[in-house]
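Look for subunit A in each of the two complexes below; its partner is subunit B in the first and subunit C in the second.
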Partner chain A sequence: MEFGWSPEQTAHRERVQTLLGRELPADWDDIAVHGPGSNAQTAFSKIFCKKLADEGLLISHWPKEYGGNDMTVWDQFIMGEELWAAGEPRGPQYMNVNWIGPVLMRYGNEAQKAEYFPPIASGSVVWCQGFSEPSAGSDLASLRTKADKVEGGYLVNGAKVWTSYAGLATHCFLLARTASAGKGAIVILLLDMTSPGVQVKQIPALIGEGDIHEVFFTDVFVPAENLLGEEGQAWEIITFALQNERIGIPRYAFSRRMLDRAAEKLKADGRFENPVVRDRAGRALALCEAARLMVYRVVHQRATKAPQDAYGNLARWAIIQADHAVNDFMTEFMPEGLLGEDQMQIAHHQRAIAAGIASGAAEIQLNLAARRYLDLPSEPRRGL
Partner chain B sequence: MSIFHASAEQLELVESFVRPLEELFPVARLHRAEHTDYDNWVTAAEFGWFGISLPEEAGGIGLSVVEEALLFAQFGRHLISPGFMAASLAAKTASLSGNDELAQKILGGEIPVAIARQTAAGITLVDAENAKLCLVISAEGTKLFPVEAIQQRALLDRTQWSIALESAALPGNPIAQASEEDIGASINLLIAAQLTGIAAATLEMAVAYAQIRQQFGVAIGSFQAIKHYCTDMVMNVQAAKDMLSFSAVAMAGNQPDHRFQVASALVVATRAAFFNTGKNIQIHGGMGFSAECDAHLFLKRAHVLETLAGGLKASRAALRAENSIFGKDAAFTG
Partner chain C sequence: MDFDFSEDQAAILSGLEQLISSLNIEAPKDAVFSAYSHALDAELTEGGFLDITQQEGFGLLDGALIVEQLARLPVSVEAATSVLIAPSFLEDTTRRPVAILQGALTKAARFLPMAKTLLADIGDDLLRIEIPEGAVEEVETLFAYPYGRLKNPEALPSVSLGAGRLVEFRRRWRIAIAVESAGLMQSALDQVLEHVKTRQQFGRPIGSFQAIQHRLVMAAELGQAVRWLGFKAAWSDDEGDAAIAATFAQDAIPRFCTDLHQFCGAMGLTLEFPLHHWTYRLRALLGELGGSSAQAIAAADAVWGASKNV
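Then we have the complex of A and B:
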């Protein structure tokens, strides 16, 4: 592993920074305050992603045959880091380009690629992921939403919960269960969210408005051609998708920006002189850097096409530690910001709370790391 | 009275308030935008809750700060408006200022009181929409003002925190005041008590959920990752409860180290409340950060109470100052 950025990588980072400086409006902090799933940010994402597409940066990491530019894994990641630090102006569309697209490239058929790629590439669609259910959170395999085979397709009945971006989504990457048994029974359906029988209800929560939803399916017909891959292949596809999802979001970049911002504020009114404050800021900074380097190692694995190991599990835990350290620092030393004075600090606080829960309880990462990284035995399964 | 802890009689007395608290202040009320605890202000005054530790001749109940601390721990469990603490502290402030008439009116529930913390810029005002008096806490002690004397009131939030938070300017000319030396321990004790109650309530919530929520075919409480959190939480609660009870007894007996003990109780309770409210959200998963679940209400109230205490940093500095070997922190310049 070689440390340091090449001149090309530095130039690429600067290009993204310049673009952000130019394209983000003066009131961007107000737009971004409720997070990527908010109405304001989703609306802005359609403007911003179009600009990115015009610049050839929206799907530049995709292969040339799909309209991309074969951008390197590292350049893709540098862009993600800069965008996330800026509050993710791609809004919910980061998901489209990060993993929905790549999953479709690998497992989709030609008709599906022809249908779904152009709107993703032009930045005009929002996908949501229909994974979690009331009884299937971290334990995704126990999902209950049914996909019954009918003539010409599937009839879907059930409910999803905590679905990010569903309120404005045009499409859903939906997991459902057929009549077969076990993990092989799960299918992935590419669902049109305007299908009759789909009902979306926002869940009010302590994180940004419009962020999470319940989605109900009542006799929703999904044509057979919307099945992704083969029946029985879903688990393989999800595993591939989640590898891209888990460290796809460089949260530490946003935390680092908030930490630097906090230090500026504390300096301005003389509070940064306090050695206790400085010590705790240093600790938070160290955790941000640790998270960054651990994530870089996973990116390096991906860039060199090395097999993915449990290091990704450790990296996600490190990201959460960094988020929490920055949040704890600001909460302790700048409590006035949290009680209404600083909307960005409030937004960071809310997202830090969700960081260890969204995309699966973080404790699961520890279990996986203990098993895969340390060869420790799994927890015994007790009385069902 | 036992030397170190609350007696059986003291515990029993507070138990007698558990049922009315359940009936008057179910936590679910906080999900209704229009709720206000000031609806039950007079009822609370009739129970004597504002003057537990004041002598009967001053209009109080004539018990000690031990009973008062135990009651306020129950208030914490029910997330009762910090205005109730304001009433108790305002009556003490009036009494210390020699204004017994004002103290009696506050204790009788005639004049609703709200609480505020002095900040660098002015004051942060909590749940003051129904109050006539405002008790401002600062590092120097307490000051009592008529609400109409408060200028530049600006609403910061009402929905997100399930209680109205306002910023305002600090008025001049208080109608009563008390020095930190006279009232500081009372402030710290009541806040520590409420934070202890919050830590206990969230422990119970988390354990109850860990016992029923199933993933991978078993209750999540069977996973070490979850049960170890719960064990840390119960340890926090026991430490906070014991420290609260011990420091209240020390204060009631006017022990020379009672300020140190109370300052310790506040730091221990603040940490317990933050750890437990945070882990309760984590253990509840996605449900934990939904508005529908009670978990976020406890976290937010813990933040409000911590702010009223001047922040965890200030609480730790106060604790250091009470240790003669550490002494007061040197002031930072620049």
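Then we have the complex of A and C:
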């Protein structure tokens, strides 16, 4: 057991920091405040991801056979930590490389890999995730969007909601069902968002411009070759995808950066002399560093190819606590930031209030950890 | 970055486990709050576990692993100070157990009834005081450590180690608080998990109720976070890491203890039920070094520098 970085890992982190210093424009903070799903950040992601690709860093954690460089799990994570702390200049494309690509590697056929990998690898495409529905949020298995089998493919009808990045997405990783009930009837379709019958409507929200949408599907034809995996295999694929998604975002890194920034501001105007302020800042700091180590423990598990347990669910809870603590600290002691004086604080606030909701509700994480980590008995289902 | 034990670390912990197993340690059945295991103390000394940090090739983290394991036992033994703090401040490390205190020398301190040495942070100096037989009166307490108070501190000769040593002393103390808390939390949680899986109400184990499950997961997360923060602080021996670890531990202790007792109902309030052996040590650690606010301020100062406008 030890908690240091190797010289190679330190050099890798410095390389990413240098790249960020060189490639982020002077007005980057003005772009980043709108969130990863905004028009501005999505447009910039296509410039930035191309630079990452040119540097061999966009998909360097992918296997060589898919154009990557077999980058270690830790190096991939270090890069993600630095990028997220900087406001995630990959915009929505972090999702492409972190889990869409790896899922396609595992479950896609050769034709799908040939079609979808090049644009992901060049940083020119945006995917969205068609999971949640008006009546299927945490209870994802109850989704109702239909995929009726027709000659040559599927006819999709239904609606998705809370869909991040849908406004600018070119593709959707869509869950739909071929029969009325059961997890086995769910299929995953790789949908072209320009298909006739797809309508996207932005939902005005507290969490920023372009982050969440409704997506409506009216007789949308999806060719059979766009089915991912086999019919009946979707739940296995979703479980694999969520494992990559839920811990993929080192949110605490952005919170820690904002806390450092807040401390400097408070020091500059003398408010940090107040021991109550330092007390609260220190507690928020402890939560950030706790989240960091909990997540590192999960990364270590991946890096050593140890069997996955529910530690990721525990770590998600730690991340949420950190995000909220930093947000609450700044809201209480720096309310002027939310009164138009600090766009970055507003951006952090908008991310933090979604911390326990995005990527799966916090309560679901607690349920999973109760069963899989603490081995507690399941709560009996209520009789209907 | 490696969260697994090294071969050496695994060997140390295996040896410690064998030693503990050989003693057949059980939670005291009588109404004893401060169960000190002199037998364990003697075996740990004999086995060289308490001077691990002074041995070639071993460091503070290896000592922290031992302290965390010992804290899991339902009896107390003075190990954290001997392993993590005392080697830097004692000329003769065999003069143990070692008690530590912050504030006036008249205050009660953990392990003082059996201590041979007291290290006292009196604000502007760090004092080392050898404790002769009969110099301490025991203090009755709910805290599950033996507590004592010097009968006549003015009469005892002390050695001034200087105010300059206080930074290191407090840093090591903070690491000790976190690491010991981690072990205590793990055993307390294990005890309660066993209870909620077997205790039936409304025809099913109370651990199947979501209201209880969620709070137990939160408690587990607190325990794990304290563990990693404590180990990392021991590894780095860094001012900020130590204060962060102690902040998190002391901040977590109240809700952790309250929830765990809550889930055991009235049974958790009895002396027969062993939960208090861990929770009442945790509650004792809550107030050390000024409590969570003092640690949080120390963390803020260590990480962000001088609090004054610069």
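Rule of thumb we're sticking to: the second predicted complex is superposed on the first by the 378 of 384 C-alpha atoms of A that agree within 3 Å, B and C clash if a C-alpha of one lies under 4 Å from a C-alpha of the other, contacts with A are read in each partner's own complex, and residues count from 1 in each chain.
Following the convention adopted for this analysis, contacts are C-beta pairs under 8 Å (C-beta built on N, C-alpha and C of every residue); 3 or more make two chains touch, one makes a residue touch a chain.
A quick note: this is a predicted structure, and the numbers were derived from the prediction, not measured.
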(request) Quick one: classify A:A263 as touching subunit B (first), subunit C (second), both or neither. (result) second
(request) Based on the superposed arrangement, let me know which partner A:F3 touches: subunit B (first), subunit C (second), both, or neither? (result) second
(message) Going by the contact rule set out at the top, does A:I203 touch subunit B (first), subunit C (second), both, or neither?
(response) first
(request) Determine, under the contact definition given at the top, whether A:S378 touches first (subunit B), second (subunit C), both, or neither. (result) second
(request) Applying the touch criterion given at the start, work out whether A:E273 contacts subunit B, subunit C, both or neither, answering first, second, both or neither. (result) both
(message) Looking at A:F48, would you say it contacts subunit B, subunit C, both, or neither? Reply first, second, both or neither.
(response) neither
(message) Under the stated touch criterion, which partner chain does A:D139 make contact with: subunit B (first), subunit C (second), both, or neither?
(response) first
(request) Could you tell me if A:W99 is touching subunit B, subunit C, both of them or neither one (first, second, both, neither)? (result) neither
(message) Under the stated touch criterion, which partner chain does A:N367 make contact with: subunit B (first), subunit C (second), both, or neither?
(response) both
(request) Under the contact definition given at the top, report the residues of subunit A touching subunit B in one complex and subunit C in the other. (result) 269-270, 273, 363, 366-367, 379
(message) For the complex, give me every residue of subunit B touching subunit A.
(response) 119-120, 124, 156-157, 160-161, 165, 167, 214-218, 222-226, 278, 281-282, 285-286, 288-292, 296, 299-300, 303-304, 306-307, 311-313, 332-334
(message) Could you list, by residue number, the parts of subunit A that touch subunit C in their complex?
(response) 1-5, 9, 74, 260, 263-264, 267-270, 272-273, 275, 278-283, 285-287, 289-291, 293-294, 296-297, 299-301, 304, 313-314, 317-318, 363, 366-367, 369-370, 373-380
(request) Enumerate the contact residues on subunit C facing subunit A in the complex. (result) 1-6, 9, 61, 65, 193, 196-197, 204-205, 207-210, 213-214, 216-218, 220-221, 224-225, 228-229, 231-232, 235-236, 241, 243-245, 247-248, 251, 292-293, 295-301, 303-305, 307-310
(message) Considering only the defined contacts, which subunit A positions touch subunit B in the complex?
(response) 132, 135-139, 142, 161-162, 203-207, 212, 269-271, 273-274, 276, 331-333, 335-336, 338-341, 346, 350, 353-354, 356-358, 361-364, 366-367, 379, 381-384
